[in-house]
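This structure is in structure tokens; I'll ask about it shortly.
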Amino acid sequence: MVGAGTDPAGGDRAVPAAAGHGFVWPREWWPRERWARERWARAALILCLHLLAAAPLEAGERFLTLASTTSTENSGLFAHILPLFEADTGIAVRVVARGTGQALRLARNGDADVVLVHDRESELAFQREGWGVERREVMYNDFVLLGPSADAAGIRGKPIAQALRLIFNAGARFVSRADESGTHKAEIRLWRAAGLQTPVGSEWYLETGSGMGATLNIASAMNAYALADRATWLAFQNKGQLDILVQGDPVLINPYGIMLVNPQRHPHVKAEEGRALIAWLTSARGRKAIAQFKVAGQQLFHPYEP
Amino acid sequence: MSEIYTPFAAAFTLIERLDSDLMEIVALSLGVSLTAVILSAVVGLPLGAALALFRFPGRRAVIVVLNSLMGLPPVVVGLTVYLLLSRSGPLGAMGLLFTPTAMIVAQWLLITPIIAALTLQVVEDLWAEYGEQLRSLGSGPLRAVPTLLWDGRYSLLTTLLAGFGRASAEVGAVMIVGGNIAHATRVMTTSIALETSKGDLALAMGLGVVLITLSISINATAYLFREFTRPNYA
Amino acid sequence: MRRPTSSGNSPGQITPEARPRTLDAAAAADALLPLHVRGVCFDVAGRRLIDGVTFDLRAGTRTVLLGPNGAGKSLMLRLCHGLIQPTAGQIEWNNGGARQKGAQAMVFQRPVMLRRSALANVEYALAVSGCPRGRRKEIAMGVLERTGLARIASRPARVLSAGEQQQVALARAWALEPQVLFLDEPTSSLDPAASAAVEKLIAAIFASGTKIFMTTHDLGQARRLSDEVLFMHHGRLLECAPSEAFFAQPRTPEAAAYLQGDLTW
């Protein structure tokens, strides 16, 4: 009888020895020795716990969650200014980029500490209903009306209201974000200002229900007209045949406002950090950082002077 | 001509530079998806095996539901997890929204039904072969669960890979519950979505190539491992 | 359970020469045997596969079940072992039918090997029957050595030849030291030498006190290994006789034809 039971490692070495033939069969990958098995199990467990605990671990760092829009995130503005803010204050900012409507909804649910969006009407409503406090206007950029450089509707250089009427009458293909973003809401206002119904349902009016980038990709592929914020447009790299056809009209101004989510409604809101961000963005330092951000040599966002 | 090569060029550049942002994203993707798969295995394997071995009223209904859950749209899962983890939701106090943990939970929900349903199939087939022998040895269904899971390990490895594939490829759920926050919850798929929305299609495809390469290496490793050991266990 | 912590009867010490257990031990209150099979029928989809079979299995004998292919031998073994339930009739063990783990074991016509080494297969059976963890390897290795299988102990069981698998299955069953061992054609895929080895093994198992109930198509083997013979045909039990009597003078024409080798189905 082989003394397998006395093998201190509880190993299976006794077996091949007893087998007494030259060929060694591959071991199973899962080690049969108890100590090795336990080491494996422990390693796997630690890996899992580590990942699960990732969030609490990171919580050691000071951060706040900012619900904002794709235009500010995708253009690279945040990547430019937020490191400066962090260097000044030691507060990291985690940006969740959504359309204005969705960003406000996140904030309303208490899932963000600060919200930076661009639709004055809904911002004011948000504040009126008590969800946001301490609203400040931070900066503005402007919308541009894009279209194929061939410009079948002939709108180049026209005032925005006239341009929209021309598109409407020509039934030229127009791509709308239709996602309750700031840009979408501005577009609806512009149709109204032009004395038109938003052409929902017309076969030339396409509702993407997507972000600015996705909508621009579609417009580019279909050579359609579209309204976009200048920041996203400039940073956008799939321009195709598209070109800016209408710009500079005062009604195309696109102001960004910032608010703290009401800490009385949501006690977990990081009010102190949030106030620090709002104060910094509207301070001379913050304004300078915003103004210095350029894409292709162009300044994209214009801080409001106090 | 050049259009189609751009993504590969972009992918190559990304990898060549060993871009630290890219490494961070890849590490998070792997970490989140692997953890989700491990946790899904912990639940899904025994669950599937139990469904295969135990007979109880309503079993068929449970199996039908499980099979349907395999096709769960990621966005629905994401939304569900969001509603649970949101500060206004029942688990809001835990503050897990927009963390890797939330993404693990979403992927876990997404793939546990897949792993359980495929396990059910594997174990049922094995039971058809082993059932009488195991019962003869005096093993009830409960004792048979670990036995059959172990003996089905090579097929179940494929099951886990299927789960991993789905977890690492989905974007809808992690976008909603993770928020695609740079340096915190940005993973391969949400980066691809982001680059697409920036109109940088070449970079997006480049990231896609990296993702596929990763996926191929993981599957190849598993396959080689399987092929190397399996012949001995037929 | 018969595997107490004791030393006397551990398989490490059992040799083919060991004396059978005394009959009073077999008659103890916890003994399974005798087994009473009373009017057992088994139907599948309206077809009667086993039809009113009645017999007794007593301890201390080797019973061989004979019959042509499809007679219902394997079904009968599985009914007795409790893997399937009779449609009608009773199968009653002496101790009231409590199925203790490891008290009976069966070697199937087609042995099922788990996807692990031969040794691990035996250890697994021991584990299920409640053998303490520390003793399994020793017992399993002991059984494999006594069955001449030590050289394949570490080989994956499923790549063993059919004959080797059958021997491992037999070793696995023996490791449990059952009171009753059901064997369904244990030598059907073995070469003559291995057959002889298995017969010797069965003799040893019997000598260690285990009741043997087996089927076989090898009449020579049946002669060598049987104390009594049951003969089945078309799901019915036609004869039940002491071995010499059956082989010398079968009472039914079917049995006679079967022994002649010209019983047609």
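Chains: A, B and C, in written order; residue numbering restarts at 1 for each.
By our rule, a contact is a pair of C-beta atoms (placed from the backbone, for glycine too) under 8 Å apart; a residue touches a chain by one contact, two chains touch by 3 or more.
What you see is a predicted model, and the numbers here were worked out from it, not measured in a lab.
Colleague: Farthest chain from subunit C, comparing Cα centres?
Modeller: A
Colleague: Can you identify the chain nearest the overall CA centroid, using each chain's own CA centroid?
Modeller: Smallest offset from the overall C-alpha mean is found for B.
Colleague: Using the average of all C-alpha atoms in each chain as its centre, how far is it in Å between subunit B and subunit C?
Modeller: Going by mean C-alpha positions, subunit B sits 47 Å from subunit C.
Colleague: Using mean C-alpha positions as chain centres, tell me how far subunit A is from subunit B in Å, no decimals.
Modeller: Taking the mean C-alpha position of each chain, the two centres sit 25 Å apart.
Colleague: Between subunit A and subunit C, tell me the centre distance in angstrom, where each centre is the average of that chain's C-alpha atoms.
Modeller: 71
Colleague: Identify all positions of subunit B at which a residue touches two or more other chains, and write them in rising order.
Modeller: 232 - these are the residues of subunit B that touch more than one other chain.
Colleague: Among the residues of subunit C, pick out those that touch two or more other chains and give their numbers.
Modeller: 116, 156
Colleague: Give the residues of subunit A that touch two or more other chains, as numbers and ranges in rising order.
Modeller: 25, 28
Colleague: For subunit C, which residues count as touching subunit B in their complex?
Modeller: 78, 81, 83, 99, 101-102, 105-106, 108, 111-112, 114-116, 124-125, 128-129, 156, 158-159, 176
Colleague: Can you list the residues on subunit B that touch subunit C in the complex?
Modeller: Interface residues on the subunit B side: 129-130, 132-139, 143, 147, 150-151, 153, 231-234.
Colleague: Tell me, which parts of subunit B touch subunit A in their complex?
Modeller: 31-32, 34-35, 38-39, 86-89, 92-93, 95-102, 104, 179-182, 184, 194, 196-201, 225, 228-229, 232
Colleague: Which of the residues in subunit A come into contact with subunit B in the complex?
Modeller: Within the complex, subunit A contacts subunit B at residues 25-26, 28-29, 44, 47-48, 51-52, 54-55, 58, 65, 70, 74, 79, 94-97, 108-111, 210-214, 216-217, 220, 235-239, 266, 268.
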